[in-house]
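Structures are listed in the sections that come next.
Here chain A shows up in two complexes: once beside chain B, once beside chain C.
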Partner chain A sequence: MNSYYAINLLIYAGVDIIACLALNLQFGVAGIVNFSFIVFQAVGAYTAAVLSMPPDTAPDYSFQIYVGGLQLPFPIPWIGGAIAGGLLAVPVGFVVLRKLRSDYQAIALLVLSVIANTVITNARPFLNGAAGLALVPAPLADLFDPATYGYFYVGLTAVCTALVALVAFRIVNSPYGRTLRAMREHEVAATAIGKNPVALKMTIFIVGGVIAGLSGGILTGYITFWAPSVWLYPETIILFAAVIVGGRGNNLGAVLGALLVPVGFEEVTRFIPSSIGPPGLIPALQWVAIGLLIIGFLWFRPEGVRPEPRRVFEGAPD
Partner chain B sequence: MTSRSDQPMLVATDIHRHFEGMHAVDGVTIEVAPGKITGLIGPNGAGKSTFMAVLAGTLPSTSGTIVFDGKDITRLPAYRRARLGLVRTFQLPSEFARLTVLENLLVAAQHNRGDSLFGALMGKRYWIEDERKLVQQARTLLKRFGMTAKESDYAGTMSGGQKRLIEIMRALMLQPRLLLLDEPMSGVHPKIVQEIQYYLQDLRHEGLTILMVEHELHMVERLCDTVVVMAQGKVIGSGTMSSLRKQQEIVDAYLVG
Partner chain C sequence: MSLFVAAFGFGLVSMSVIAIAAVGFTMQFGITNMINLAYGEVMISSAYVAYYLNKAGISIWIGMVVGALFGAAFSFLLNRIVYAPFQRKGTSYLGMVIVSLAISLMMANLLLPIVGYYSVSYQEGTGGLIRLGAIILTTNQILIIGIAVVVMLLIHGLLKYTRLGKAMRATSANPTLARNCGIPTQRVVDAVWLITGALCGLAGVVAALNSDSFAIANGAAFLITILAAAVLGGAGQPYGAMIGAVLIGLITELSAAAWSPEYKEVVAFGVLVLVMVLRPQGLLAKRGAMAAAG
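Coming up: the complex of A and B.
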């Protein structure tokens, strides 16, 4: 295995772990079926891109058109991406999370994901449409030898992953996390004990949006590219598969799921020779396999590989 | 839990609740005296549960006013009413199934520094003191209700009667001033019915005010100081159970048998 491949894998793993931890907070802990999760990652990626890129009038960039182009130094673009993810969650949450029943919330969010992608694909002057943004500057690239830059980026990703994990673990293991779980279990009863479900959902929706936005910033800074084709709604389904396989409500499960499904599963199938069958057969079968994986787990092991832990308190009777 | 003055704990005046032309609650006025158990009885479809839901804020009223302990709460959302001490239970089991019995109690506590995003992010050291106190408080309740051995079990695995007890204990964790119980004995094993009756009497002696919907009239007679009878969305009588038994129209409407 060459080191380029290893670096690639580690950075993808970090991004997927961050995304799965955020989705686990929303879906696994609070019970919000956020089928537009990938949109929040995308908004973070686009924001980080246009904050770090030069204006589209710059000589090397004039083949694309986009708003922004502020050329801000690292880490402002990443922070901006995270903030953008959180800001997007406010109007979306306001419309979707207040009045709709949870199954309709899921549908509304799925539709939002499709609409957002279609709009960005077709509204070219905004973010360069279907072609997407290319030549996104890699953060602090000029400080490093290109040969070692990959290691630096792995470290940067690791620091962000650790930070997000700290946030996720603190939330899940706190009384606040317990309140979120109670709301997930029985919303009306949670209201009857003085919890405000709309405020709780809005908060965790925004927290998840911030983290998703950050993951987008990390990803686009590494691949130096972002386009509608990389954030189609099925990407959200992969993350859901990861959280379900790993174990809903369990942070370690979310990490494990991220390693098993988006990283492991996709990497393994990469090695199936593409000469088998007609062109496009293997990628299509990948989707079939993801679907089967979700159904299989929901059927045979709905709690996932690492189930949500049962909390036993100090001094409990045996 | 006690109220010093003799003014009613709750006054609901001319409450209406209409569902698309159906008058489920049609001009109900009641007063709930502090420190007493008030029973709400009536045939199926009389609007008792709807009325309870309106009092708790789970359903908005179409019109009418609700004054709780001297404060107009008509426009307050359900969670704000609960925080004021007006706490309801449900006709159907409403435990948090994938939380343990102890967690079901802890989650209802009003004051815990760790029960906010900020508090959670501050880390365990910031909230562990509050949590310890609440665990003790919850364990005291569990002991009193004879469920100490079950504290680490998932609430969803409990029997119907145990779920009732969990719900009552959960409500008590809020340190309520008025408890709204919607058929606390329904679907409960007779042995636990006796227990619940005993607990409710006990709580009343401690000064807690209770308004309860109940079908089993002997139970109502034993427990309730005052009884309000509803039929077809209206109050058709109130008083002690024995005085109600003497009123022919009420007997005809409901008390036959």
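Coming up: the complex of A and C.
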């Protein structure tokens, strides 16, 4: 195993863990089925890209057209990506989370995910359409020897993952997290004791959006590329599979799910020769396996590998 | 101006296709409480069934009947094997949405290696052109409109004038009460899946016939248009879905003429968002998106 492979694996693992923690806050803890999660990651990625890239009139970049191109120094594009994810959550949450029943919320978000991809693909002048943005500058690349840069990026990803994990664990164990769980279990009862479900959902939707945006920024800084084909709606389903397999509502479960599903799947199928069957058979079967995984877990073990701990008041009768 | 009149003609065809599909979708939801996100994939599968029959030299009109039968059988089995067991287990509405989305993903990817990535089209003459002023339609398109009108009348007759239709409406309004009154709700639900599955299969073949070519990827686009029509009319309401189909069909075709055909689904989505903000219960529904589940 060479170090490039290990670096690649670690960075993807970090990004997937961050994404799964955010989705777990929304879906696992608060019960919001955010089928457009990947859109928030994409917004963060695009924002980080156009903030760090030079204007599209620059010599090496003139083959693509995009807005922005501000060439800002390192932490700003990532912060901008995170902010963009949070900002997008405001109007989306405003439309979806206020009045709609929860299953309508899910389908509205799913449709949003498909449509956002269609719009970005067709509206080329905005973010270079289907071809996407290439040559996104890697953060602080000029400070490092290319040979050691990978290690630096792993460190950077690890710091971000640790920060997000800290935030996620604090939220789950805080009174706010408790209120979210109460709302998820019984929205009417939570409302009756004076909790505002719309405000609760909006805040966790925005927090999730910020984290998703950050994960997009990290990913695009590493792969130096971002296009509509990498954020199609089924990508969100992989993350759902991860959270369901790991254990809804349990942060450790989300981390475990991220390592088992997106990372594990990609690594296991790497060893299947792609020459078997008609072209595209293996990736297609990979998606079928993701679907089976979701249905299998929802049937046999809906609580996941690491179930959410039951929090019981000590004085309560049994 | 004549451009918009011509677009109105296409709108008539579009609304016919959407109406067949959306009425089936909304009846599934209204009576069995199942938002079946695999609906678009069942449509496209049926379109492929008809495609292979057509390729073997069988007329597309026979293929249409077989496609409808396939849709009925497939939807019935899908409910019996997957959805109904999950519902009996007490899976929440949200859980069911996730299950159906997983089914949709699996269907699309099981089909992909079988039928391939490329767009295909039926080997069927479009028939002669028929002119009504500035509206120019092919004979096939006129037939599609005719089929839709007949299907809508049949659905209306079924719901209003038959015992089965009455039982369906009762089951939709209150399943427990319906069962207590001696209505065999299990058999009613089976019948609903067969009928709506047939509508779904028919709609798939009709939609494929109406477009120049089709591919797996069209399943998602179908689904969005259907969702928009069903939600606009008030989910679970067959007559609402018909009105929704008329509006969505017209709006998407007129916007395609005025703006760009690439954004048809985007316009449908815009309508969906407006409805969700302004009137989440839909145009007709008494209990709609706002009411608590159950």
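Convention: the second predicted complex is superposed on the first by the 311 of 318 C-alpha atoms of A that agree within 3 Å, B and C clash if a C-alpha of one lies under 4 Å from a C-alpha of the other, contacts with A are read in each partner's own complex, and residues count from 1 in each chain.
Convention: a contact is a pair of C-beta atoms (placed from the backbone, for glycine too) under 8 Å apart; a residue touches a chain by one contact, two chains touch by 3 or more.
Every value quoted in this text rests on a predicted model; they were computed, and no experiment measured them.
Peer 1: Classify the contacts of A:Val312 with the two partner chains as first (chain B alone), second (chain C alone), both, or neither.
Peer 2: A:Val312 contacts chain B only, not chain C.
Peer 1: Identify the partner contact of A:Phe300: answer first if only chain B is touched, second if only chain C is, both if each is, neither if none is.
Peer 2: Neither partner.
Peer 1: A:Arg178 contacts which: chain B (first), chain C (second), both, neither?
Peer 2: So A:Arg178 only meets chain B here.
Peer 1: Check the residue A:Gly280 against both partner chains and state whether it touches chain B (first), chain C (second), both, or neither.
Peer 2: Touch partner of A:Gly280: chain C, not chain B.
Peer 1: Contact-wise, after the overlay, does A:Pro234 reach chain B, chain C, both or neither (first, second, both, neither)?
Peer 2: Touch partner of A:Pro234: chain C, not chain B.
Peer 1: Identify the partner contact of A:Leu110: answer first if only chain B is touched, second if only chain C is, both if each is, neither if none is.
Peer 2: Touch status of A:Leu110: second partner only.
Peer 1: Which chain A residues come up in both lists, the one for chain B and the one for chain C?
Peer 2: Dual-contact residues (chain A): 188.
Peer 1: In the complex formed with chain B, which residues of chain A make contact?
Peer 2: Going by the criterion above, the answer is residues 167, 170-171, 173-179, 181-182, 185-186, 188-197, 203, 207, 249, 308, 310-317.
Peer 1: Which residues of chain B touch chain A once you look at their complex with the stated criterion?
Peer 2: 56, 58, 77-80, 82-83, 87-90, 94-100, 102-104, 106-108, 110, 112, 114-117, 119-124, 127, 130-131, 135, 148-149, 151-152, 154, 170-171, 173-174
Peer 1: Spell out the residues on chain A that touch chain C in their complex, using ranges where they run on.
Peer 2: 31, 33, 35, 95-96, 99-104, 106-108, 110-112, 114-115, 118-119, 122, 188, 233-234, 237, 240, 244, 277-278, 280-281, 284-285, 287-288, 290-292, 294-295, 298-299, 302
Peer 1: Tell me, which parts of chain C touch chain A in their complex?
Peer 2: Listed in rising order, the residues are 35, 37, 82, 85-86, 89, 91, 93-99, 101-103, 105-106, 108-110, 112-113, 116-117, 220, 224, 227-228, 231, 235, 260, 262-263, 265-266, 269, 272-273, 276-277, 280, 289-293.
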